[in-house]
């Protein structure tokens, strides 16, 4: 059971590295951005994993419940913010990619470098 | 038992992630990342993070899918096979993975109520919310009041992204594109989506308002509401065409909303300052501190909602307008 | 007045931040410029006022929403942040004075309101990082400033700005996310986000494996954003293809703020609590600093593009800053912080000169400026003087930091003389790359056909203010030295 | 106040020259003369007080805690300032003739930077501590760069690059660390009689520090950091005069002497064997530079190497570490200044009149240019050290010091180099007066323009007068070292 | 009872995911994505009851809406692409 509980952290690590791999190894700019959002999603998972309290429930009070354990609200707040930051970055990144496509007619990193070298 | 469910969901998450990275069809990759978001959101839900689950679904599966698709429409949807430093990247990544996994063995056990993280600040939030703010949703209380400054920052992040995309895509294009009028037409000629969509749009708008104002009591709040509201308008644009959507809410309104929401939020903060409290102190907004907190949270959530709607729609229109060059 | 005084830390962020939405509602670009300038100057005034306050007494604290720390978000201004606040707001104000001519050249007037809004947001973001005492709040404001600076850089007139800014975006986001992971891990072990509280509670953590990993993530993430060698690869192109005025603003302060976070978290949280961390810190940073100094200076000596030449020189100068910090001593940190200030002055002035040149030259390659000193005497004179400050000639600001850096390295023990040798070698390299430009501008025959005229008045004015500051702080360095020294003691005082 | 005025006059003068140049060339040159006279008047007016034992000082401001910009006048600095300011007048007169006679371009820039250089020189002379000294030392390097590179063609630029490169490299690379080291161990860098290093730096470290100082002060041109001096020969002759006689190299040896006297302290150095190497290096430089000078065919290059040798006289004299020798060092600074400026003026006069630069071309020129060659002869005799010239006086004192210290290396060096000096100067004098002019070798020419003649006659006269009336100088310097009587 | 239903849903989700990954045609993927979304909505509903928080059914509602919009956006894009491809082919031939 202990291993099963660590599984959440491992998934965080594996997702993080899948995303990281995509960002550094892929040359297509959109693929890089997809990788970047996977990378960030992994961090969301890390924080949300922390917030869980065994036997607890979502930190929204229910009427009449006494001695109810609640999960930690703070990581949730942080991740709400982080998700918004993530989508903002993504939107900006995509805007830049669209402009790159217009200017260079390609969104492959090595081809752009090729064009710039000329 | 939920741990076992999580196990399956998490495994699916990894499978999806690998598939996303490996697949060369970007269109498929975007669809898969929509699925990824849904899975992630389901996981969040299992981990008691209802608000986050709601947001992740609205953002990951909804907004970012639409954004990716708009970008793909203007660029390309096939990733070229290219020489890459794959082996080195794989080695680096594998090494880091092993190191990180090794370090996790000392983490506090998953869900242990005695872990330091649950002992220090969290209980205080739960208690103080009951006394000083008196709304059931602690997440909203923390978001709106205890860490309202973070949320202000968050609104300005969205605001920055909004003006950023407007700025970048407002640049004169390198070359004129051929005009295809398909977009402006929308899906109007397809009967089923059109009828269903028309029926649904008002309900979605209504639901967005519900999410906005029910945020104190259940999962939801300004950001989620803004995203849903924007999604409704985007749906309208998909069905009736860009032009009609812009007629419904013109661009100048969107800019005004973008700025207005951010200003509303800041104004609440400044009001706290003027009334003798600190910045973002809502207690001074009314005679009764608790009532003041209620007013403050209501107003700032409205500010968040307005800005998010404005920004997301501006971004959507900026992408769509670029396409028709 | 005293009521306002208490709110200054909050106002430092709010003033520029609130002006941003107002600016995009204004259509007239000169009005936008005026509003931006006004907000920037207000912010500078606040920074100066805060500076005076912290020099006279203890650090200033402010509770956001009146919630007590560590539950609510606390703002805290001490000498360390005050020093950086001066740099950030000063360089923004200085750049804005003369910005219009240069910006009208690079950006269409319809887009200028958005540009100024992004400028204000970048300023607000940087200020926000500097005044907060909360680790997560730093992340939020880091992202505001990062997103805003992507927008600013993407405004560059050359299309190569786009791939450059994309690379910056990717690396910047990776850096920020690494930072977020690090903060998450510390939060997991301590349960708090307030930096001071973290430092306190981290002592009770029995097993430090997770903390060590967190330290690794935070250090690497912030090093990425601060362009510490070899994570600098985004910097030269981003600075080269950004609009000239943006380069003035960002080159003077953006990377330094990332270094600020790095030093603040490292010295407040890790150094006192991780055994042997000062060694790890030194051994990580020292070789990188030396490589940065030597390699980047070498590249700068052979670089034909003026802006990129200065960008490479920035990479080398960041090396000086991290070199001072890696000594982990009061003297070293003083030198490091002082160099942040002085390098901002010198590099700001140099990039302002570049902006002056950019008004009438479309290509900023070194052979385009042959003989230009005749047509633009004021501009090139400013270049020579600012260049002297970068080299570190006595009487200039650059010399003061070099003096402190050498003093600190001499005190560092057996390594000292070797480090001094490297500092000196790279100073001489700076002589080479600055003098190469001076010689061509002054002694090569000019291209007779080219119609070149002196830069507009306001741009020259801000350039010469920057040059004058270089000399003022070179001859009367009490203010920055006092701030840097007090900040260094503050940082070292955390170590037990 | 007078101290600050001495600094301000050349600066204001530079500004005035710049403005006057817009009106007319004559006004510009009048301004130069007025400025130089005003400066000399001002500096010389300080002399009586210093002779009386007064030591005025002023702290301008504190740069960083413990490091101040301040000025203080002591005999050594007074001598240097008085010398430089007086020679500037003569040099200005000469410049007018030379610059006009050769139709040089960008004359305004020349006069402006000349004035700036003088300001820096005065700053060096009056500096109260190492930091201030270093500040003006670097300023002097940078301000003379536009003068050295005056011609602006590729060859000149290359030489100017060597000039700047060597001086900056040595000063940043060696002098700066030495200064910082001093501040670090002694807590300050104030010039204090008796030195400040005693008790702080001992043994081999002292020798190392001395090395950093001596080679760091590249302007003193101790081998092997003398390379900049021959390279700087590309400059116009008035600039060469500035470099060799008025300011630059004098600033170098002045700084070395000052550091030895006021930072190390003669006693402290004398008691530390590891600092003895300086004497040998100086002696080597004297002999080697003289040998190189023997093989030169270009007049100005020959003079440059001669300067290298003569400078090391000063260094060697200072390194003997005896009061008499120290006085000899300071007197030699003056004597060499008078002699060398005369020689350069003469070389410049020959160039202006006949465009001749090589020794071989000089045959018989004494008959066409009697004034010039007379002055040249006097200068050469002073270099060799023949009475009745100033050079004799200084050599006398240095020899006396060497005997006092029983330093046979120094005695041997002085004798050998006197022979060598004679070997490379006398042939020139000989062929100029007695050689036969080759037919049609050059244009028909007479004497150089009048301002040039006035200038070089004045300096030649000074060379001789200094032999007769050197009492005040010795009295002045005796204040620090204890005079010959004591 | 809830557990059994949940397991069944997860298995269905797995199958849908497999189809989405394998493809091969776009229609397969669109259908799979739609189905996956539907199953997530169901899963959420069931889990909400299982955790004793039926008030979270709102969430499921949001998911359903988002899923609908997402599928429409994909279809719109797909139609756009198809017609663009057709244009390109025509101009080429």
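Each chain carries a letter (A, B, C, D and E) given by its place in the written order, and its residues are counted from 1.
Everything that follows uses one rule, which is that contacts are C-beta pairs under 8 Å (C-beta built on N, C-alpha and C of every residue); 3 or more make two chains touch, one makes a residue touch a chain.
This structure is a prediction, so every number in the text was calculated from the model and none was measured.
K.L.:
Identify the chains in contact with chain C as well as chain D, in label order.
P.N.:
none
K.L.:
Considering only chains that satisfy the touch condition with chain A, which of them also satisfy it with chain C?
P.N.:
B
K.L.:
Of all chain pairs, which one counts the most C-beta contacts?
P.N.:
Chain pair with the maximum contact count: A-B.
K.L.:
From chain D, which chain is the farthest off, judged by mean CA positions?
P.N.:
If we average the C-alpha coordinates per chain, E ends up farthest from chain D.
K.L.:
Can you compute the centre-to-centre distance for chain D and chain E, using the mean CA position of each chain? Integer Å is fine.
P.N.:
Once rounded, the distance between the two centres reads 89 Å.
K.L.:
Once you find the CA centre of chain B and the CA centre of chain C, what distance in Å lies between them?
P.N.:
Going by mean C-alpha positions, chain B sits 31 Å from chain C.
K.L.:
With centres defined as the mean C-alpha position, give me the chain A-chain B separation in Å.
P.N.:
Each chain's C-alpha centroid was found; their separation is 12 Å.
K.L.:
When the C-alpha atoms of chain A and chain E are each averaged to a single point, how far apart are the two points in Å?
P.N.:
Whole-Å distance between the two chain centres: 20.
K.L.:
Hunt down the residues of chain B that sit against at least two other chains at once, touch-wise.
P.N.:
50, 72, 100, 104-105, 107, 117-118, 121-122, 125, 147, 150, 153-154, 157, 160-161, 164, 168, 171, 174, 218-219
K.L.:
When you check chain E against every other chain, which residues touch at least two of them?
P.N.:
Residue numbers touching two or more other chains: 51, 53, 55-56.
K.L.:
Using the contact rule from the top, write out all pairs of chains that touch.
P.N.:
A-B, A-C, A-E, B-C, B-E, C-D
K.L.:
Using the touch definition up top, name the residues of chain B that touch chain C in the complex.
P.N.:
99-100, 103-108, 115-122, 124-125, 128, 145-150, 153-154, 156-157, 159-161, 163-164, 166-168, 170-172, 174, 255-256, 258-260, 262-263, 266, 269-270, 272-273, 277-283
K.L.:
In their shared complex, at which residues does chain A touch chain E?
P.N.:
Residue positions touching the partner: 57-58, 60, 62.
K.L.:
Using the touch definition up top, name the residues of chain D that touch chain C in the complex.
P.N.:
Against chain C, the touching part of chain D is residues 61-65, 67, 69, 131, 134-135, 138-139, 142, 149, 152, 157, 161, 164-165, 168-169, 172-173, 176-177, 180-181, 183-184.
K.L.:
Over in the complex, which chain C residues touch chain D? Could you list them?
P.N.:
Counting only chain C, the residues touching chain D are 388, 392-395, 400, 402-404, 406-407, 410-411, 420, 424-425, 427-428, 431, 435, 439, 443, 474-478, 481.
K.L.:
List the residues on chain A that touch chain C in their complex, please.
P.N.:
Those in contact with chain C are residues 16, 20, 23, 29, 32, 36, 39-40, 43, 46-47, 50, 74-75, 78, 81-82, 85, 88-89, 92-93, 96-97, 99-100, 103-104, 109, 112-113, 116.
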